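What follows is a set of structures for review.
Two complexes are shown next, each including subunit A; its partner changes from subunit B in the first to subunit C in the second.
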Partner chain A sequence: MIKQKINTGYLISLGVSVLLAFLVGAVILLCTGHSPLKAYGAMLSGAFSAPRHVGDVLEYAMVLGLCGLACDLGSRVGIFNVGGEGQLLIGALTAAQVGVALDGASAWVVIPLAAMAAIASAGLYALIPGVLKVKLKVNEVITTIMLNTVAASLCQFMAKGPWKSSNRTLIAATERLNADYWFGGLLRGSKLSTAIFAAAAIAFVVWYVMQKTTPGYEMKLTGQNPRFARFSGLRIDRKIILCMTVSGAMCGLVGMFRVYGAEHLFKPGVSNDYYFEGLMVAMIARYQPLATILLSLFFAVLKIGAEGLQQVGVPNQIYLIIQTVIIFFMAAQGGFLEQLSHSRNLNSIRSSKKGGA
Partner chain B sequence: MSEFEKILSTVFSVGTLQQMLRSATPVALAAIGGSMTEHAGIMNIGMDGMILMGAFFGVLGSFLGQSALAGLGLALLIGVLVGLFFALLVVRYKSDEFIIGCALNTFALGLTSYLSRSVFGNNGTKGNPALPALHLPFLSKIPILGPMLNDQSLFVYLTWIVVLLAWLFVYKTPYGLWLRASGEKPDTLRTAGISPKRMQWIASLLCGILCALAGAHLSLGQLSGTFAENMSNSRGYIAFACVIFAAAHPGKAYLAALMFGFFEAIGLRLQSYVSADLTNTIPYLITIIMMVYVVARKQQRKKKLARA
Partner chain C sequence: MKNNEAVIRFEHVSMQFPGVLANDDVSLEIRRGEVFALIGENGAGKSTLMNILYGIQTPSSGEVWIKGKRVEQYDPRIVIEQGVGMVHQHFMLVPSFTVAQNIVLSREPRKHKIFFDNAAAEAAARKLEAEYGLTVPETEAVEDISVGLQQRVEILKALYRGAEILILDEPTAVLTPQETEELFSVIRRVVRDKGMTVIIITHKLDEVMAISDRVGVMRKGRLVGIHETKDVDAAKLASLMVGRPVIFDELIRSGEPGATALRVEHLQVSDHRGLPAVRDLSLELRAGEILGIAAIEGNGQSELIEAITGMIPVRSGRVTVLGREVTGLEPGEIRAAGLAHVPEDRLATGISGLATVADNLLIGRQREPRFNRFGIQQNRKAIRDYAQEVYQRYDIRGAGVDSLAGDMSGGNMQKVVIAREFSFDTPVLVISQPTRGVDVGAIEFIHSRIMEKRNQGAAILLSSADLDEVFRLSDRIITLFEGEITGTFRAGEISKEDVGLYMTGSKRQGGQEA
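Coming up: the complex of A and B.
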């Protein structure tokens, strides 16, 4: 994994990548007979034209940011959690079911219990690949990918079968939560809920621990130089497993926020590969917490704005293209610049030789 | 007939086996491609996107050229391009193969959905010229095997040839040796005067082509000229599981694909007894258990060696 610091060079290449990606998008738009200016204008107004759009942007930024931070947490100690999607679904399902099972109890009881259920189930689900990685050196990327599919199937099974809603029009969904348990909406018509305050608190704690505390420094050491960390007396095995579990628990909480804040029931659509998008944001942000949060705001604007595209007749998937092209450029730029300077060095050596002769 | 016998007879029926072959074929093609990159030391999880690209451009070619062969041609061309693109980023610019794989999957989903809606409208496309199923009269006389193998898409038979060729290539030719060395001992290979990067380029290229074939089979073969958004339906991840399961051996990868196909087929058939969602998880769990077993055995061997 390439780990570089955030500096001016990074900001420049990020800016260039974003610009190039919008250019690529414009070319594709032109090829399919749409005006890029009109489309990008529709995107802007799609994200900002009404308060409810801004609310949706913030809600999605919360999802992306927390998922990205969960990924940061793992990568800091050198474990790559790709299983967030599965952990999110498991957390969402258990949290939803707690709300359904305790229907009638006070919200002060239900919401903490649901959060704990989400944390515990998703954390345990992340514990499996964590333990396998540390104890047996089984590649965590592969196990988490497998466990993603397993989780998706299991959740679908529960939502279609034992925990199915009595509403027959829903094919795979749990019972709708009692409205007392919903997180309060903040902007009329948007998905934004008070969950964002909880999310902000979590994000702050994660940032603080990672950047400002001794355990955070030890995590960094564990990820960058595990042998040195071990010889310095750190229990790196325990750190890796702990970080993986917390990362999973965070994804589980995102699932709970999605259920209690936005959807009010569990269905497989609670997450449409949101974790993968968060992971890509984290990657672009070079696994730095603050940059992850800022970039998730940017990508949320892109995603919600893209919904405004349909009004001018442009398929909104153009946003996926732009997002991934940014990643391609960002991922390639390290190697590209290296080769550029390499060939420049070669050239200067050659010319100096010529000059000397 | 008791309930149990009934279940057994549905599980081991000709229909199940036919279905198994049908669902295994695209996965197997992609898995063989993935075996190539795996041997070259690239963990390729972008196969899902590669399949999707093949599926869409297959249909697009068939629509534009009004012939299935044009579709196949365009799919192959795109396969080449995607393979080269993957190699450019991963091999040449040394990007994280995992990130590129992830991004490639999302990119393919975005691009194919976008283009499909732009070209065919929101309802997608159907009934473009497709690759016909092969009916071999002599096969129909053989019991069980006959109906199982007959009337399948051309790709089913093609895949066997691909498996054989891939096996010959990887294990019986110098290129295969270099390919494996490029992943396991790149420095040794470099000492021998062969560029490991070149082998990785070739592996990515082959993987792109085979995945595109798998996609073309899905859209042009199985669904007779239909493209649906996200129609690869995480088959790329299944193929990836097969690669891991088979330790990148093409023959074993085919068998692993058959296993996935088998569980998918019985899942469909036993719906009145168990949910297909549950039977679908079995192959993934088996893959994880396999990995743990392989790693644990390796460690045991190491310990034994250390003692001796």
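Coming up: the complex of A and C.
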């Protein structure tokens, strides 16, 4: 696992990685006959040229941030939740269907119930790999990936079948929610909604619990050395299951926010591998909550900005290339820095020897 | 010129690790045909120096010469070619391979250049055995032979690769007195008959006196002295190592054993492969006494201790702590019944290397109100103050309570474990390998702490591979062989040599219960 510390060395290597990634992106742009300067300019204006773009950036940062934090939570107890995508979809679907089924009831009833449904369904869905891991030692990476496919298919089945919208132009979607239940929009034309306040509150609680509390300390020790944690009297099996469940519930809530804040119905497109992007952000942030949140903002700028790129004729895949290249360099950085410090030590000893003689 | 010629020369060798100067301008000559002992406290730089010689690490500055040739590139493969062999403290053997297969590993004889030639491997092993007078069961799997024999396999492996210079890193740590004696006679033989050079890294000063021709003492990365062994004695070496006089005071015992605190009845435990490791074992431990377990590694003592403390499941039988049955409970529940545990493997079990020293000292008390605000938020200041106080009380030395536990030296890591477990003040203490890999000064400290606990009325179950330690501390001693108690003795009733016979199962008392 990647080292757990955020320090100046980390910040420097992050900066260098980002720079190099943009350089690689520039080379690709040059080779394909685009001007890198123009393209990156279009990226910036794509993200900031209008309030609605800023709104989209914030909405996407919220999704990335919560997904990333969900991943942080699992990694803190040494479990790698790769199944957030499926948990998100399950949460989105059940939340949407609560709104459809209770159509007509007060928003004060529907929204809390929908949130609870998302938490419960996605949490239970994440409980499966958690229990399998603890009781039967089944690798959670495998189970969560497989359950992603199951969830995606199941949700599509429900959206095409029993819960299909009466609107025939929609192939796989549930009924549109009553507009009374929508989270209020914050910036005209953007997907940003009041859900971001709820998301901010959740992010704060997760950060607080992980970084400041005694349970967070116990989680950290469990993830660092489970054998030691159990030896010291912690019930690590319970902690792992609990963190997995909460991680799933958070993903489910992201699904609910997507439905009630942005899409207003369930369709498979409520998430386009958003969890995996959040997971990558968490990895780059070394599973540290604060860094995860900050980097979510950064990557949201890139992602929404890349849509501006489309307008100058550059496929927005350049965003994915930049993102993965950053990860690549961050992974290489560990070994590289070690080399560097080693040769620095060598030099300092050599020079001190010379000076002394 | 044949003898006394320097086969190895270190010239001004320094090794800088981040924040630590592990070797500081070490110059040393080792002569052909001698047994050279290298001693020093933990972190004194012995292993680093030997790792440089063996090509595992490249020194920051300085030069190494082997048989008159300067080492240009630090690479074990090249150094092995030049006739240097090393037997590590933790054996590098493939457990499921046979002895012969392990000996020829990396230089396997082949049939038609492709297929492994087992017959040739066994023949080669037998030839080596005859040549050096070291017998091993060449067709048996390494996992089925004793630790002493495994060590011989390691030595033969080095000889097979043509080693003339043999480095032995803490070779006697896992051996019985008899096995140690055998190892020494092997060393004497290869040195006398084959003109080999042996470098032995050790903590045990009486062994230095018994086997070596010369001895080098390291302290804090520097070579502080080289002596002819005949000119020094163990006490002198101990003071040189620590840098101050070390007096092993007679430990003072006081008080009488009280009520039974730990009771084990007909315990059966399986090892990780599911084979019986502890067979129908019963023992009783009373308050204010130390019960020492003398056994060769792999005879059930680890499983016995892990089963008592809840780390591994119990197959059948009962464990009772202070009258409360704890069989099969989780470690945390057993701790709550009044037991603390110093585990045999501190890195894997005893600490979290990625956490700070303070976090490592806190665990077990983290829920106490004094360490929490609003019932949930960690009170970092209170935690730090507490850790600081324990840190000083247990004379832990390192970069402070905010540094990572994994960056400490082995001896200080062990002090962290001891400090935490002893600070719980539990009536029952289960202690495994309290001073493994710990330097002389710290051993003295840890031993007196254990004795202090005993005198305060703690019931202590002690397991150690170091027989001297078992003898020094225990009120009673049990010997284990293949998971069964083969003898129970009062301290002073039996000699180490006799205990060795019970440890190997060659003698046993009838119908044992401790």
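Quick note on the criterion: the second predicted complex is superposed on the first by the 337 of 357 C-alpha atoms of A that agree within 3 Å, B and C clash if a C-alpha of one lies under 4 Å from a C-alpha of the other, contacts with A are read in each partner's own complex, and residues count from 1 in each chain.
Convention: a contact is a pair of C-beta atoms (placed from the backbone, for glycine too) under 8 Å apart; a residue touches a chain by one contact, two chains touch by 3 or more.
Quantities reported herein were computed from a predicted structural model and do not represent experimental measurements.
If you tally the residues of subunit A touched by each partner, is the higher count for subunit B or for subunit C?
B
First (subunit B), second (subunit C), both or neither: which does A:Ala332 touch?
The answer is first: A:Ala332 touches subunit B but not subunit C.
In the overlay, answer first, second, both or neither for which of subunit B and subunit C A:Asp273 touches.
First partner only, subunit B.
Now for A:Leu290: first (subunit B), second (subunit C), both, or neither, which partner does it touch?
Touch partners of A:Leu290: none, neither subunit B nor subunit C.
Check the residue A:Lys160 against both partner chains and state whether it touches subunit B (first), subunit C (second), both, or neither.
first
Once chain A of both complexes is superposed, is A:Leu113 in touch with subunit B (first), subunit C (second), both, or neither?
neither
For A:Leu102, decide between first (touching subunit B), second (touching subunit C), both and neither.
Touch status of A:Leu102: no partner.
Which partner does A:Gly233 contact after superposing on A: first (subunit B), second (subunit C), both, neither?
Touch status of A:Gly233: second partner only.
Quick one: which bits of subunit C touch subunit A in the complex? Just the residue numbers, please.
Interface residues on the subunit C side: 14, 16-18, 60-61, 309, 311, 330-332, 335-336, 341, 343, 348-355, 359, 362-364, 366-367, 371-372, 376-378.
Contact residues on subunit A for subunit B in the complex?
Within the complex, subunit A contacts subunit B at residues 1-2, 28, 32-33, 80, 82, 132, 136-139, 141-143, 145-150, 153-154, 156-157, 160-161, 273, 276-277, 279-280, 283, 315, 317-321, 323-325, 327-328, 331-336, 338-339.
Inside the complex, what are the residues of subunit A that reach subunit C?
Per the stated touch rule, the residues are 4, 212-218, 220-221, 224-225, 227-235, 341, 345-346, 348-350, 353.
Looking at the complex, which residues from subunit B come into contact with subunit A?
Residues in contact with subunit A: 43, 45, 88-89, 92-96, 98-100, 102-107, 109-111, 113-115, 117-119, 234, 237, 240-241, 244, 275, 277-278, 280-281, 284-285, 287-288, 291-292, 295-296, 299.
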